[in-house]
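Structures follow.
Here come two complexes built around chain A, the first alongside chain B, the second alongside chain C.
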Partner chain A sequence: MKAGLALLSAFCLTACGDVVADTKSPPAQPQPLQSGYEFLQPQTQALQDDDFANPGFLWIDRGEALFSTATASGSACSECHTDASLPLAGAAAHYPKIDAESGDLINLEGRINLCRTRHQNEAAFEYESDELLSLTAYVAYLSRGTPISVDIEGAAADWYARGRDYFETRRGQFNLSCTQCHDDNWGKKLRGDTISQGHGTGFPAYRLEWQSLGSLHRRLRDCDAGVRAEPRPYGSDDYLAVELYLAKRAEGLEIETPGVRR
Partner chain B sequence: MRPALPVLTIALLAGCSGETTSRLATAVEITGDEITAPLLGLQGDAARGEAAFAEREQGHCVLCHAVEGLDAEFQGNVGPALTGVGARLSEGQIRLRIADIQPLWPDTLMPSYYRTGGLNQVAPAYAGEPALSAQQIEDLVAYLGQLDGEST
Partner chain C sequence: MATIRIAAPDTASAGEVIELKALIQHPMETGYRSGPDGKRIERDIIEKFEVTYDGETVFEADLQPGIAANPIFTFYTRATASGPIVFKWTDQDGESWSETHDLTVE
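== the complex of A and B ==
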């Protein structure tokens, strides 16, 4: 295959430093762009397709109920968000985004928690708590079918670059980057799994392995743990940045929450 | 990223001046694309190697590789099938490919199983340890080396 000189020079190249990431240009979008859904077994697809069988709807129903229940100290989400004022249909497709007030990048979970603290006088929910998962899934579900489109200009530009850098950097004892699996080897078999293009469009999603709904950050922690890297904390800046990069990379795909995955 | 060029040249000098084995778990002599001597002088066992190849708690190589006739379901195809690999590669070549294949093929998805140095963000439970022990690697070399298309 690859012998002699080529081999030797390749050796020098890697021994000598990592490939320098280009963080400015548009993401290398896998072509044709395909949701993780396309790589599932037919029976898993069928579970996602059927709103009555899809276990994710247990959380969506709870989220819908929470949405219209007044909190002890404040009001219900549904008092501010109606069809006429501040409607949420389609909103989730533009997250993560910069919060104008703080200047920070926030994802949907972060936005929901800001409404809790700013408008409802309540403490933020914990990541992966049943409440936050349910509300996030419900709000994302209100955008089901809306194509992802995020802003990576202005204050978001550095976040985008950081997310891309994380995506392209090798890590863990196995020394692999997200790119190597999801840009370079999608469609191939990793034991019982088919590697997808690694889009977050189904999240929060119900994973059969979890027997639960889980956030995108939980999925990212699993991928990091898979290469024996130390996962980043839930809601960490690195994962928020990756979430923005993933959203830009998935641009054009539709939100499909609640996704069902293996 | 920013200071790319100067850093890269320094790294080039350092990386290519013979310190190539310092990232492995123990000192290893690499000749061309082979590690000719068994790691730590250990003797491999093909039967144990077959188990290491298949078992999730060990090498779990079937995640990415298939071997015809091996009793393990859902073998992966991210890496090439290793049926008959012993006829294609010497034991020394197989040993290097398991221990540290990444210098040979910079973009490869195949982990380096005897590497401990120069890694990033390794989970504490694995830090400073190679993914497989010298004995497990020798067992794998013995197993793959006898897959010559005749005995299996």
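== the complex of A and C ==
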């Protein structure tokens, strides 16, 4: 009897080992890739398409003004970043990326704050502050239409693996993983809503639910809260890793900032 | 500081009907919601939107708490003479924001 139990547990171990091994194979990602835009109602799509009425442009206007206004210490972003040197058009499509100086993974918000602390002698903006959202939205908007392409080699490989692990791990009281909705069941209905493929291409985006512009990390916090898991802090390593995984997963889709989402 | 976006033509011919659009960044907080700490979020509403064209009121609206954040208005007027179009929003506490657009009638 005891031997039987031991045999059973040995079998379990092997089986569980197989499951772990299985997640190392290429993930079953959505095909064809569809931006969250494709899952919106026509009226919401029209709002995103209208470069005047899209409320996200309120933040982009502010971001553009901040970009060309000198800070207290005397330098404006626009002094270094011109069309001729260090142009930012297309740059946002390659984030998150590894910062060469520190070796850490940073997203667009992180890069803007590094610019402030390293080159402008200013304090970093608080995550999700109006200023950081506005600047991030403006810089991302400069890359609107550029297909996303991120590097997951070298130092980024571990981050990518961590992000994928977060995406595929069941969590919260509902015991759901991101992949169960966004890889396995996209296009189907969840109550009154159509489940999207979960791409972050429109962020920072104006969400009708928020009545405001918000970052991808705010969206991820909502996802975690939605499955009744503990949301991670803004700018946390977990969310940076997920952001990298999502960017790789959305590779080829174009940046849409400012997106409008439900 | 509220960000304002105005869409209006710079020039128009006399008698032409022109489209004016105005968008303002404002939370339009109803006063009925509570925050994450369970406390009530104070009411904060724009109550009045007025537009004058060459000194004459061409559009006005009373706003209520049922109106969403960042309200946008689209309306039409007939171009008569060259002059300033002044868009003005006033909130419940009397604070106001305005933006002027100059229209030239040819």
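The definition used in the following text is that the second predicted complex is superposed on the first by the 234 of 262 C-alpha atoms of A that agree within 3 Å, B and C clash if a C-alpha of one lies under 4 Å from a C-alpha of the other, contacts with A are read in each partner's own complex, and residues count from 1 in each chain.
Just so we're on the same page, contacts are C-beta pairs under 8 Å (C-beta built on N, C-alpha and C of every residue); 3 or more make two chains touch, one makes a residue touch a chain.
What you see is a predicted model; the values in this text were computed from it and never measured.
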- request: Check the residue A:230 against both partner chains and state whether it touches chain B (first), chain C (second), both, or neither.
  value: first
- prompt: Once the shared chain is lined up, is A:123 touching chain B (first), chain C (second), both, or neither of them?
  reply: neither
Task: Could you look at A:62 and tell me whether it touches chain B, chain C, both or neither (first, second, both, neither)?
output: second
Message: According to the stated criteria, A:195 is in contact with first (chain B), second (chain C), both, or neither; which is it?
response: first
Task: Would you sort A:180 into first (chain B), second (chain C), both or neither based on which partner it touches?
output: first
Message: If we overlay the two complexes on their shared chain A, which of chain B and chain C does A:157 touch? Say first, second, both or neither.
response: neither
Message: Contact-wise, after the overlay, does A:172 reach chain B, chain C, both or neither (first, second, both, neither)?
response: first
Message: Tell me which touches more residues of chain A here: chain C or chain B.
response: B
Message: From the superposed pair, tell me which chain A residues show up as contacts to chain B and also as contacts to chain C.
response: none
Message: Help me check something: in the complex, which residues belonging to chain B touch chain A?
response: 1, 4, 7-8, 11-12, 14-16, 20, 33, 62-64, 74-78, 102-107, 109, 111-112, 115, 119-127, 129, 131
Field: chain A partner contacts - residues on chain C that touch it in the complex
entry: 3, 5, 7, 21, 23, 25, 27-28, 68-70, 72
- line: Within the complex, chain B is touched by chain A residues 2-3, 7, 10-17, 19-21, 23, 165, 169-176, 180-181, 184-185, 188-192, 195, 224-225, 228-231
- prompt: Of all residues in chain A, which touch chain C in the complex?
  reply: 52-53, 55, 57-59, 61-62, 211-212
